[in-house]
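Shared between the two complexes below is chain A, which pairs with chain B and chain C, respectively.
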Partner chain A sequence: MSAQLLFAALVAGSLYALVALGLNLVYGTLRLLNIAHGDLVMIGAYVSFWMLSLFGLPPVLSIFVAAALCGGFGWVIYVGMFRKLLATPALAQRLEANSLILFYGVSVILQNCVALAFTSTARGYQYLNEVHKFAGIAASGNRLMLFGVALALCLGMLLFLRFHLFGWSLRAVIERRDAAAVVGVDVDRVQMVTICIGFAIAGVAGVLVSMTEQITPFMGFPFTIAAFVVIVLGGLGNIFAGIVAGFALGFIETFGVALTSATYRSILIYGLFVGVLLLRPQGLFGKAIKIR
Partner chain B sequence: MSGPIEPLLAVKGLSSGYGPVTILREIDIEAAPGSVTALVGANGAGKTTLMKTIAGLIPAWTGEIRFDGQDITRAATHHRVDQGIVLVPEGRMVFALLSVEQNLRLGAIAPRARKNVSERLEDTFRRFPRLHERKGQLAGSMSGGEQQMLAIGRGLMAKPRIILLDEPTLGLAPIMVKQVFAVIEDLRKDGYTILLSEQNSRLALEIADYGYILENGRVQLSGPGPELVDMPDVRRLYLGR
Partner chain C sequence: MKTLSIDLVAGIVLLAAALVLPLTGMDYLVGIAFNLAMWVALTQSWSILSAMTGYVSLGHVVFCGIGAYMVALTTGSLPLAASLGFAGLAAGVSALVIGLPVLRVRGPYFVILTFGLAELVKNVIVQIETGLGQFSRLIFDAPPLNSLYLVMLGLAVAVTVAAVFVRHSKLGRGLIAIRENEEAAEAIGVPVIRLKLIAFVAAAIIPGIVGGVMLLRTSYFEAAQAFDPVISFSIVTMAIVGGSGSARGPILGAFAFVLLSELLWARFPQLYMIILGILLILFILFVPRGLSGLLDRKEARQ
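Right after this comes the complex of A and B.
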């Protein structure tokens, strides 16, 4: 029983960590509040569904299609909307607040375009749903794959940020854009690449979700909320803490629901959100850094 | 110093500022290769604005900036770094959440500086043994003086052809001020070209080959550093004696 719950919590946690990772990267480097992030998850889910239905392409390969499509969308958004705004200091200052409204528009457009094209009927498919039994756990293949891919991407990103020069320049831009430019970092390029990576990660998360749940054009919003809860828990722009917080949310949700009932799920998540904002607005793991 | 030697950096008629506020008005300065050029003047005279405009963090409104004969007035900051114009900014601006070594290696991110990074890192550690001792530590956990050394070291990693040292002694204890000036002397000996902005006018002018006194965004006086120090008006108005 409890091993089973533990597995469920890990699966949920890895998905939250992955979805929030993309949001956190985009917020950290560009200071954009991407309220359409969950809708990119939805796009990824539809890519997976149609690739399998139309071309028989399995989700394990659709991952790359969804990453390319959503990453490309990130590029279009950056080049088309944000590059000029970010380059002008006066506009960039207001952009953080304005981005919320801009992305709300993007969110509505994405949801309704998909609803128009594919109707709002819930859809689903069967993939890797044979059950594996080990160590007292019954785990479906698709959940194991979800966990494996999400964990690998999160760890891969952490290693990249820790050991790669581009990863350091990304962290430099998160910490201080002006100082990154002083050192010689091409800030514009870092921002463009980061928004592509962030959006691509959301698309991949969508593929993973679609293997285990039914999908609709309006499935994205709960993911947006969950991702915001996670990055507020971890501290905005703090990538490592965000991943830890993703797993924390998975555990709190899974065990909380098991101890109470499914009707308390939203109360748990929103309660946690409000509680953290009231008691520790810098995030559970955030600490005030003194810069001398 | 100017005259027969072609200046490495030449600023002509430069104006800039923030939003509607004009800070620099028609500034002309030059820096000869291998020299230390000092910018001195009171707080708010425009020293940091001039440094930031030369580095490309603030756009120039009028005038031009030439580096090694090339017009770089409109070049992006990272392109200027790649050409060798390296700012060591006021307030250090080290990356508090990166380690000392990561800060230094990131300093070599400009394409021109990407070769032989490890050798240059060794050189930098030799110049600043303290940084070597602390290479794994987060930069934000170091003292102000150590962070200043890190900021200079990070600048050296970019293979600078000119170092813009902006207020390197601001907020430092007197003993650290001495050390920073010793570092500047060392850098000059090693052939670096330095543009130094300092509130500590006397110290700066004493070591400078050439100095500019800024007031309200204009060049008020200029001349060889030691000569400026000896001028009675300068002593009275700017050196507090």
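Right after this comes the complex of A and C.
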């Protein structure tokens, strides 16, 4: 196994884990399948690009701008759209079934607003692209930063869920929503904060992506798909397994493509996706449960 | 009963107008009517499975794509009618094969699974075509627009009649029972698996043929285009905007969609997509029964 390939797999895996983490948090607590998640990654990427081009703000600081902007967007759509709907059980149930299509609408709006404002031209910038060599690996600075920030955020989130009181209530809402409300968890507040965190994480992932590759208004969809593959692998709403699955996908993709060819990438990803949904819909690590 | 007869009269008037249209010789209008009939056929066939059972499919385009591919492969060596029949057959058989495992999966899992499956098939066919050294296939000697239009119109009418028939049949009641509560339906003896499979296959045959006719209209096959996921999303959007509680919903949805696209698509494509997204969100949140639900309410008040 080549060390260079291993590094590539780790970088890809950390990004997938981070993007999927946001999606999984939102699905777990609000039961909304956010197919616009990848478009938030795109928004984060554009924030980074414009902050650097207009104000010369280094992307590492844009992380905070993108997090605030995407988190704020989450707050706006939660307060404006979902709060009332989720409070009524009958409406909430209908919403879960339709959420994917609803977010498709959000996705289309985001993509086309950005395309309208900034055109569909691919954009990019150079940042930390000097190459470091150690232990037989050549790694550019931006990839190292991507890996470091993504890993830190994933671990930080896990620690937060494990040790912080709010993290406990978040987990309680994911696992037993009704029971959480009974023992005094403010479900509304947990949902609001979680959607902000989930969206903010997507924005941060976008900044990280824009450091390493070109960006377009339509770049988000592949990230949405990868994130869906990851959370399906880990089991919907299972945060820790989702992070593990993100790295697993990074490895499967990197080594799969290295062993065959880049043209098989899509078949590999969708094949994995369909295979897991058909054979183990509760996820690779999940207990056998009857899904609705 | 009163609404049914009103619908019947409206349907006959609409059909008469649609049949007279080619005589005017205005190809532009016939082209629009062709698109309209195509979307009616696709959305109506989608509603037989997805609106009736609540198994929302986001991969309906896969059957169109399979149909188009079959026609692309067989045209020239088979008569066109046989080619189109083959397209419908291939779509139906694929539905039969994938139906059993896929229909076990429910709720949001079913939605993302159908989407993933359609993309998987698309990518496999793209690979096969690349492997064969075919990046696109041109279709020669496609029939003129007027005849294609009449075939598409026939498909739209056939699937609408079938949708009305299914809704009032024992099959339809069984499908609705599945939507409301699958366990309860199974417990009182509704053969849920068989009914779901029948609906899945029935809903697949028409888009197979539609895909074939679409191909003849564009006279150009490219896998990424024939299996474009935007088609699946458009179908769902039309069903939601039109309302899928009755057979007229998909017709209303297709009308709204085609009208909007004629007004905006060519000049302001991004604006068109943004308006589509806004409409989709507004209808899901505030008009869950769609345009046809609004009409029902108006009729009930009178």
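Convention: the second predicted complex is superposed on the first by the 286 of 292 C-alpha atoms of A that agree within 3 Å, B and C clash if a C-alpha of one lies under 4 Å from a C-alpha of the other, contacts with A are read in each partner's own complex, and residues count from 1 in each chain.
Keep in mind that, in the parts below, a contact is a pair of C-beta atoms (placed from the backbone, for glycine too) under 8 Å apart; a residue touches a chain by one contact, two chains touch by 3 or more.
Model, not experiment: these values are computed from the prediction.
Enquirer: Going by the contact rule set out at the top, does A:L15 touch chain B (first), chain C (second), both, or neither?
Expert: neither
Enquirer: Considering only the touch criterion stated at the top, classify A:V106 as touching first (chain B), second (chain C), both, or neither.
Expert: second
Enquirer: After lining up the shared chain so the two structures overlap, which partner does A:V187 touch, if you call chain B first and chain C second: first, second, both or neither?
Expert: After superposing on A, A:V187 lies in contact with chain B but is clear of chain C.
Enquirer: Would you sort A:V209 into first (chain B), second (chain C), both or neither based on which partner it touches?
Expert: neither
Enquirer: According to the stated criteria, A:A226 is in contact with first (chain B), second (chain C), both, or neither; which is it?
Expert: A:A226: touches no partner chain.
Enquirer: Now for A:A179: first (chain B), second (chain C), both, or neither, which partner does it touch?
Expert: It touches chain B, and chain C stays clear.
Enquirer: If I apply the document's touch criterion, which positions on chain A are contacted by chain B in one structure and by chain C in the other?
Expert: In the superposed arrangement, which is not itself an observed complex, chain A uses residues 291-292 for both chain B and chain C.
Enquirer: In the complex, go through chain A and note every residue touching chain C.
Expert: 33, 81, 85, 94, 96-102, 104-109, 111-113, 115-116, 225, 228, 232, 236, 263-264, 266-267, 270-271, 273-274, 277-278, 281, 291-292
Enquirer: Touching chain B in the complex: which residues of chain A?
Expert: For chain A paired with chain B, touching residues are 90, 165, 168-169, 171-172, 175-176, 178-179, 181-188, 289-292.
Enquirer: Where on chain B does chain A make contact in their complex?
Expert: Interface residues on the chain B side: 19, 55-57, 76-78, 81-82, 86-87, 89, 92-98, 102, 105-107, 109-110, 113, 140, 142-144, 147, 154, 158, 171.
Enquirer: What residues of chain C sit close enough to touch chain A in their complex?
Expert: Touch residues, chain C against chain A: 54, 56, 58, 101-102, 105-109, 111-113, 116-117, 119-120, 123-124, 126-127, 130, 233, 236-237, 240, 270-271, 273-274, 276-281, 284-285, 288.
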